[in-house]
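The structure follows.
When the chains are written out, they are named A, B, C and D in that same order, and each has its own residue count from 1.
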Amino acid sequence: MDNKGKTFSKILISNRGEIAVRIIRACREMGIKPVAVFSEADRTALHVRLSEEAYCIGKAKPVESYLNVDAVIEAAKKSGAEAIHPGYGFLAENSDFVSRCEKEGLVFIGPGSKAMDLMGRKTKSRAIMAEAGVPIIPGTVEPITRKEDLVSVAVKLGFPVLLKASSGGGGKGLRRVDHKNELLSAFNLACSEAESSFDDASVYIEKYIEEPHHIEIQILADHHGNTVYLGERECSIQRRYQKVVEETPSPFLDEETRFHMGEIAVKAAQAVNYRNAGTVEFVVDKDKHFYFLEMNTRLQVEHPVTEMVTGIDLVKSQIEIAAGKPLRFGQKDIQAKGHAIECRIYAEDPDNQFMPSPGKIIHMRTPSGGLGIRNDNGVYEGFTVPMDYDPLLSKLITWGNTRTEAIQRMQRALSEYQVYGIKTTIPFFKRILSHPDFCQGNYNTHFIADLEKEKIKKERDDLEVALMAAGIRTYQESRSGLNRRSGTKDSNWKIQGRIKNFMNRL
Amino acid sequence: MDFSFSVGDREYKLKVKKMEGNGILVTVGKKKFHATVDFICPDEFIMNINGRVYDVIINAENHSYSVCINGKFFEIEKKTALQLLGTAEEKSGRKEVKTSMPGRIVEVLVEEGDRVKKGQPVLVLEAMKMQNEIKAPQPGKVTELSLNPGDSVEANAHLFAVVNEMT
Amino acid sequence: MDNKGKTFSKILISNRGEIAVRIIRACREMGIKPVAVFSEADRTALHVRLSEEAYCIGKAKPVESYLNVDAVIEAAKKSGAEAIHPGYGFLAENSDFVSRCEKEGLVFIGPGSKAMDLMGRKTKSRAIMAEAGVPIIPGTVEPITRKEDLVSVAVKLGFPVLLKASSGGGGKGLRRVDHKNELLSAFNLACSEAESSFDDASVYIEKYIEEPHHIEIQILADHHGNTVYLGERECSIQRRYQKVVEETPSPFLDEETRFHMGEIAVKAAQAVNYRNAGTVEFVVDKDKHFYFLEMNTRLQVEHPVTEMVTGIDLVKSQIEIAAGKPLRFGQKDIQAKGHAIECRIYAEDPDNQFMPSPGKIIHMRTPSGGLGIRNDNGVYEGFTVPMDYDPLLSKLITWGNTRTEAIQRMQRALSEYQVYGIKTTIPFFKRILSHPDFCQGNYNTHFIADLEKEKIKKERDDLEVALMAAGIRTYQESRSGLNRRSGTKDSNWKIQGRIKNFMNRL
Amino acid sequence: MDFSFSVGDREYKLKVKKMEGNGILVTVGKKKFHATVDFICPDEFIMNINGRVYDVIINAENHSYSVCINGKFFEIEKKTALQLLGTAEEKSGRKEVKTSMPGRIVEVLVEEGDRVKKGQPVLVLEAMKMQNEIKAPQPGKVTELSLNPGDSVEANAHLFAVVNEMT
């Protein structure tokens, strides 16, 4: 089959936020009509504004909308979409949803339900990988069901150990335990988080690797027997097991290990007959031994860094593969050029224990312009970030000929990025990107925890200027008869409230 | 025009005077600053002090200013009798804990009246799919705690207070 | 000298708009403090907001500010800047300004005054090039001073002929003449435009090339004897001799001609001992014969397309060269990858003879996100575009693995780009980017003129929806007691006016 | 609620009716459209008609609406007696030429009362560094022309009119 020509004419995107927007943009570039779905909380979300068609699929709560299989399928049928792109999270790794799509004659843009199911069960996948000759971390192969086992297994492996949700991902339901006496409470917390996040309380246990790096390999596999890898992503900058900065290439790896990991990742994918885009995650110890961690059977949040150095659009590749086209490139054609870094901009307050900070974005200025800057945004000025979902606002990505140039670009971009009305992690990234250890590429997964122990120098630099600004503002207000109600941009949103109330009241 | 502002527990006296054109003279404590001010909209303006450029976003909510100078945030309070009272209260050793985000209480780990160490978890709050431990800001006795698991809280809601009886 | 380490600690940028912003960003990435200058009309311009320091250098009129050499030099001295970047336009090709910088001990980021002076005199440069073995277009070598010569020369060359300002650039003072009887009036117009734009009324005459392509070669030359070329830019999409869309590589050139032009461009630069970034412009006829047109001794508006395919930051290279560093790369290291296109977004009304459209930008949404999108902006929402300067608002650039992908990205980006309050050329670009001849790469410099003759299908598609919107808006207004004054974003700017008046009145 | 709008020389009758929730029913001529409307701010909203999404920016100036639907512009007039008069005037054969931009008159190429062809240059206006020829919109006699070289004109200023005596 030719890789030119039509793929689909309409694709429904069963997701929200920046990733829904990202997929809409890929569709538009391919001449495919993007269909959005949205919850009541997302009526004015960016992914709705940029879509061609959009259907409300339920209430704010994810189980009543973005996780509601029936509602998503109904919207797809109504719109006449031929395929569904799940993004990441929500239904992206739900093999029942994939089976349902298969049954309804809708193309699911991702792997088949069987491969997904195998890889989704973390303990099962470890067993398959071990069999296929892929190195795995010592630990249990089945979820822990009895609390007695918990203690005995942990003691046998030796502390520290890791507790992990069987259906997990994104750091949720994940706990590191250093001492025997923390084991039970950590297990309970992990089970409860696993239950509330994935509707599956099962948790398993693994040996904890010291000074570990978290490095993953992107793969693509078509329906014509071609499986390729697109280099690695270094994801060791994590906070509470949640990635916050990713980069490629890894400043830690050498050429030989990189090549070897790529080959193993392809082997892992082939072992389960994997199709479409996937990511094989490894933990790499200080001596560059690497172990299979899990396979994410979907697009990763951090996929843009790979796109920036290879020039390959992964979402377009996913769509082409799902439409049965062969890959446009072989392993030899994939040449990484330069260096790319991603910062995940969250609505969280770094000065207050990273508490989520939903609310109205009153002002927003995003960095733009110049070479090598990309902002995959999911919000806009005037939007109210709902409290019901993951607080990821956007992803800022920079590219440079060298790692140093990519870092300098990121620093510049962060200095232009201003969000007002809600708190964001931008100031936190400014700290990371200017930290000597980060700049020298000398870090592992402990970086953030160590950083948080460092004392923050209290910024008093521009305090006098801030006071002047407050004085000038008060002066101007008192003299010009301006009051806050009519004078600020915010007042528009207040007026909007009036309109909405009115519309709903009539 | 004279103002009194506070940042944290420090107080600052300001004088603001209009000069020729876009010029303005501000005295902060004993220092004098000559600036030009150009408004973009009422809550955004550019201050230029001897060539140095400051891009300002500022929002006033009652007597509280939230100021963003070239991307750096500052919280400034206009001094009133009420705030002086608040400061007095702080000094009495009571620290109130509020939530910056709306969410749901998952667990309450201590009881009202319990003595806690600084940093000891008091509540578990779930918001935006993450569980967050809310910790004691100082050692002392937990007071004004009346939340139960399952309760929903709004942004800026009072959660509990910790009274340090040593002061 | 090492090409790492410090270059300058402060650079003054003697320009405004998107190019000043572009240079500020490069400075910030290099750890250099950018110093802006601004006229009274630009007090709140983006380049001022993003700078570290800024000085007002005079009134709105260019001769009283951006062209005022004394004021610029004074600001540089006051700020302690060690170097001046002129951008393009204004003082960028003024060799007297360069001499003055040299005299004042300020580094001018560009060529020396001698090379600039030689290349700036179009007729002189043609003579030098001819001598150096660079092919030139038949025509006069000196400006026309006597009207009798005008006619005799034109008749000798054969119509059509081109009249060109000796100090010209950017299409100003440029006229094509097809018939003898149009010659005199065209000459008068050209002289008058040349006088008002460049303070120099001299105009010369050239043979007009049929079905011509306008293709230019980017070069970089350091102070260590290295001169390299960075591929070509196809600039044939022009309106009234003003470039509107540029791309690289040219869909018209073959590999051999490309290589040959690169070699000749390097030869041309070396013939005048050229230093820093420069562009050698060629006209290429339908049989791929190429002729030297002129050399632009500065950064070009369209430099980003070269950056997108080579990954080389031209502004950073300029700064490094000016600081005496050797080039970081040789000719062999320069490898173009993929394809890039630029659209110049102007404040002009394409539905009304491209009349300039200055004024307040009430709403602005810029395209963002995904791979290969770049928006070099010079304005922001809320800014009033002054009537005193060139109406270029921003440059939208897309990159793709193939020309088709770059075009599809541009179409997507244009569909997201919304400017409200002033008219822009965005709708015009939508027409160009979807035109079959453009999409097939089948065009020359006549493209726009031919396009303008095509009948525009009157868009009635969404008319009913627009009517509905007007109805809903009126309904909502009448019911909620909203009036335009307090209800729109615009009202903020009205209030701003009140504040300004107040500030100025006190 | 009933409205009458015009676009160019065509007239349209509208009925707008509020429905349940965010729903609204609009009748344009004889066609009925069910839509949901979600406001972002008073001059920006999203209309959803049977799933199709329309991103709307709209601004009203007197009786004129400037509407942007998914990036496409429309100019809509609310019908009033005044506008009907305007239309009558158009029909009389007088076409007025205004400038959309502020600028400076460089040259006046014809005199008041001269007969011109359609497209014939009447004035040269310089704005934003470019010289623009302002052409006659129809054949006829140039009237109301009182500008001289060097004159400055504001945006939307009257330049001249051309009266077509054939109509």
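A few remarks follow.
Methods note: a contact is a pair of C-beta atoms (placed from the backbone, for glycine too) under 8 Å apart; a residue touches a chain by one contact, two chains touch by 3 or more.
Given the structure is predicted, the values throughout are model-derived calculations rather than measurements.
Least step count on the touch graph, chain B to chain D: 2. The geometric centre of chain A is 38 Å away from that of chain C, both derived from CA atoms. With centres defined as mean CA coordinates, chain D is found 47 Å away from chain A.
If each chain is reduced to the centroid of its CA atoms, chain C and chain D end up 31 Å from each other. Residue positions of chain D touching 2 or more other chains: 18, 37, 39, 41-42, 44.
Among the residues of chain C, those in touch with two or more other chains are 50, 415-416, 476, 482, 487-489, 492, 495, 499, 503, 506.
Across the whole structure, chains are in contact as follows: A-B, A-C, A-D, B-C, C-D. Those residues of chain C lying in contact with chain A across their complex are 18, 21-22, 25-26, 28-31, 50, 304, 307-308, 311-313, 337-338, 365-366, 368-377, 380, 399, 401, 405, 408-409, 411-412, 415-416, 476, 479-480, 482, 486-489, 491-492, 495, 498-499, 502-503, 506. Within the complex formed with chain B, the residues of chain C that make contact are 35-36, 43-44, 48-56, 78-79, 382-383, 492-493, 495-496, 499-500, 503-504, 506. Within the complex formed with chain D, the residues of chain C that make contact are 172, 189, 192-193, 196-197, 347, 349, 352-353, 355-359, 362-363, 387-391, 415-418, 420, 423, 426-427, 459, 461-478, 482, 484, 487-490. The part of chain D that touches chain C in the complex is made up of residues 1, 3, 5, 7, 12, 14, 16, 18, 24, 26, 28, 31, 33, 35, 37, 39, 41-45, 47, 49, 54, 56-61, 65-74, 76, 78, 99-103, 106, 126-132, 135, 155. Contact residues on chain D toward chain A in their complex (touch as defined above): 18, 21-22, 37-42, 44, 46, 48, 51-53, 55.
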